[in-house]
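Consider the two complexes below, in which chain A is the common component and chain B and chain C are the respective partners.
For the complex of A and B:
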């Protein structure tokens, strides 16, 4: 009887996860295995001849200067994540106080996150316009005669993209931090105040360590999300000017859907996967030193 | 008890899979609309349209917005031919749009006719076995009808499509501004002369010359189509002296003369060049025949000056060596997998020999010698004929006998080239570094694809 019951339970369990497993299998595992296979072929979409080329694609990748350049650009792009986390934390701390228009401000900070990426891209392109944009207008009016060209030069374009991305992520980070701040017990803060800690010390020595699990979560999810992003760059610069904003995910897209070079695109996307894996593993190891549960 | 559990489990699983399969099936049909159903019903009657009474349904994919001509063309045909009904589907002629078309064809959705806009895209489709060799029909002499320019569209010596339009590229000029400055409308000129024009024409803080980014790089392609993209030893020829000349001339116009917008600014602001020209702000615009789509539209682009036309200037000093981009375009192919090829061919012949006349309103003149050019020209100019300089327009569209070329360079090379020259125009590298980088990357590409 017990045996019977156990068996039914197990079956029921499989039945429940069945549909979602089917989805994962069809839309993730099989395509992933397929792209792993493609890595060793010269398959081009629409081309009738497919040959097994062994490690050619991997050798090509290791010698491809565009790959290293997009890797470098990807790291520059990733710098936006820690910056937006710190800014999101500060915004959350401020908006957690008793201040006027608190709710409105919270809503405003969150707006970018729920706005369409393409709309965001177009607004920023106008803001960043080198001669007629309001940003440079402001800079000129406060006495900077030679403001940066933002998206229009190869040296500043990645900075401009980072600014857009920081602004985009800020609201989400802030909301998560606001939730985490509710968990910080007021007794601790009061005790610190009694002992004569200054506000800056409370922030750094008490609140920041207490929300470190949240920081860790935001860092991991933020890095993964950022590394996979390509929509906003595709909309704003298409990887240009020159190739100054071509990040890895965009390079994958270009190879796959512009050049139809599926074999090579698969190779780059597996390199991208390994990169994400390494970053995440490094964080798991590193977290022990700074995350306090 | 146990048995019953198994049974329910299996039943639910099968049900789930059934639902999933149903979904994916529905998705396919859904994306096609009614077209797919009607198409498969009509297919048995292919080739003999009237036999079963059901009309043959054709689907044509093209990149021109329906309201700029195609819808009028299709409507006219459908009225005359109740047995062959054509539906026009627009795809946007960019990466995503072409991918959509290719995917539709690879997965066997109903695409009977499709328009190719570049020879490299057409070649890809031919290699995939998607385009029918039109020579098999044998009742239409493409060379004779379309003239010597058609040759540029042959793929492996065969026509896998029908080039249908005259595709003119030119520099559009603000005639009033030229007259005021006492400059004649040129019939043959070099980039140095254009640079002088631009310098003299720039008024105040404005620019004298502006370019649509599509024909932007044509001067290089003109030189390299003539002299070869590769040298005799098979290595890249992208460091041709005239390529350097092109880079330096344009850069001087951007930086020294300030007579044309710096490329960085044009790229980031997605400068609406038609608007800049038609509003009278910039007196010269390097563009193609699609300008007429906007210049005939006085509602969105009000204008108070006459437009004159000049050929695109040449880099070489020797006029005999010059080839100009243009000739003929809009290469329409019949899907080799289509079940209604005979009907599609009937439509295509009619289209090329004059059925396409309404397309002229968008700047697309028929290339066939049998088409009624006057009717097309009337449709092209509409009631705006006197806002154009007729003489220079006729010269650029019809009488200019400069040999032409069709750009047929791989997208990878087009891209690596533009990435490097963008860096140059943005001041991130010198002209020699640019040429060296182009050559190195091109050679790498040549090695890769060998």
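For the complex of A and C:
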């Protein structure tokens, strides 16, 4: 009887999970295994001779200057994450006070996140136009005669991309902080005020430590999400000028679908995976050390 | 007396903070305002400085250009809508089905399977692009909408999110149905799904916005122009009209407007869903 019941439960479980499992198998598990295998071949798309090349691709990667450059660019890109977290935190703290139009304001700050995508990236491309764009127009009008070339020069292109990314992520971070701030007890803040703490002190010494689990979560998920992105960069700069915005995920795309070097592209993509794995491990370790509950 | 005192001391500060935040909020949405304003201007007016936010003689010709002719955005819209709607409906239903299995049925190997799901979230899409490209090529669905629709039916995030929601539904609600002899299918369709309507709506809206905005998959899996989705069509328009800034902004408006509409309607669900999955997940 119990044996029968257990078998029935198992069958039912598989029945419910089955359809979704099929998708995970076809579009995640099998491709991942396939990609892992490709890492050890010299497979180029449409080329008939495929050979097992052992660790050649990995050795090539470790000697590839473009790999290190794209890694460095990835880190510059990732700088947008902590900045957007701090700005999102400040916006949330202010919006959490007694103010008018709270819902409208929340919606406006959140709008960039929901309308994300290449459409907005193209708008930014024109806003950043070096000679005629409104951003440099504004800078010139306040007396900066030699404003940056933004997306058109190697020294400022990543800064421009970071600005777009901060603008995009800020609203999301704010929304999550707003939820976390609901858990901060008003009595505690009131007591601190009674004891003569200044607003800046309350912010840094009480609120910021209290929301540290949220900060940590936003940092980890933000970093992982940013590492996986290349769409906006492909849309506005294609990695240029002079590879100055070629990040790792874009470098994978270029090797795979510009040079059709599938074996090598797979190898780079696993380096990307290792980066994500390291961040995830940092999450496990760090949760115990840095976060005050 | 007390109330009046409070009003006079707090209202000015409240108003001031509101004004500052409103000003910053306007800075946040300036790209959208500039986009709409530019799409209604003439080429000569584009880079006028100082910016004239409401154009002197607004013209609709750029919007007309985007929506008519052989490369009308109508085609791109239809393609995007088809892919996003089928994907959204399929992904929401299949996620709910699997989430019920993970949350409400006890069977051997369940936790191991769930760990497998979670570990798949760590694999970046870049790892999967090459093998999927080769598999789709082999299966004959490369450069067809199926290459976007089929993978779009499955979302691990959705399973994860709905499982959390189903776990929060108290057991007592389903227990009495079990005693009356109802099976899992009946309980899922008659009890759980109706209760989960807000969570399902949230997932549907978020998934729709992902699929509508998806540029990377379309870039990898589609070649033919008549198959292009809105993000690809937009890119194409910009490559072919490199100096038509007004046209570009009219095209960008066409790409963004549906998302603004979806956001205006579903803001409550989106914010609730994202908050719940981040804070509880």
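Structural remarks
Here is the rule we go by: the second predicted complex is superposed on the first by the 290 of 293 C-alpha atoms of A that agree within 3 Å, B and C clash if a C-alpha of one lies under 4 Å from a C-alpha of the other, contacts with A are read in each partner's own complex, and residues count from 1 in each chain.
Note that contacts are C-beta pairs under 8 Å (C-beta built on N, C-alpha and C of every residue); 3 or more make two chains touch, one makes a residue touch a chain.
As the structure is a prediction and not an experimental result, all values here were calculated from the model.
Touch criterion met: A:175 reaches chain C, while chain B stays clear of it. For chain A, the partner that touches more of its residues is C, with chain B and chain C as the two candidates. Legend: residue contacts after superposition of the two complexes on their common chain; A:20 is shown touching chain C, with no touch to chain B. Once the two complexes are laid over each other on the shared chain, residue contacts for A:194 go to neither chain B nor chain C.
In the superposition on chain A, A:130 makes contact with chain B only, not with chain C. Once the two complexes are laid over each other on the shared chain, residue contacts for A:155 go to chain B alone; chain C is not touched. Look at A:142: by the touch rule set out above, it reaches neither chain B nor chain C.
Within the superposed three-chain model, A:285 lies out of touch with both chain B and chain C [touch as defined at top]. With both structures placed on the common chain, the touch criterion links A:108 to chain C but leaves chain B unconnected. Comparing which residues of chain A touch chain B with which touch chain C, the overlap comprises 15, 19, 26, 45, 129, 132, 257.
If you check the complex, the residues on chain B that touch chain A are 1-2, 5-6, 9, 12-13, 16-17, 20, 95-96, 99, 102, 106, 124-125, 127-130, 262-265, 267-270, 411-412, 415, 419-420, 422-423, 426-428, 441, 448. Every residue of chain A that touches chain C in the complex is listed here, in rising order: 6, 9-10, 12-17, 19-21, 23-24, 26-32, 34-35, 38, 45, 91, 94-95, 97-101, 105-112, 114-120, 122-124, 126-127, 129, 132-134, 137, 141, 167, 170-172, 175-176, 178-180, 214, 217-218, 221, 224, 227-228, 230-231, 234-235, 249, 252-253, 256-257, 262, 265-266, 268-270, 272-273, 276-277, 280. Chain C makes touch with chain A in their complex at residues 10, 14-15, 17-18, 20-22, 24-26, 28-29, 31-32, 34-35, 38, 46-47, 49-51, 94-95, 97-98, 100-102, 105-110, 113, 116-117, 120, 122-135, 150-151, 153-154, 156, 159, 184, 188, 209, 212-213, 215-216, 219-220, 230-231, 234-235, 238, 245, 248-249, 251-252, 255-256, 259-260, 262-263, 267, 270-271, 274-275, 278-279.
Note for the complex: chain A touches chain B at residues 4, 7-8, 11, 15, 18-19, 22, 26, 45-48, 60, 65, 125, 128-132, 149-155, 237, 240-244, 254, 257-260.
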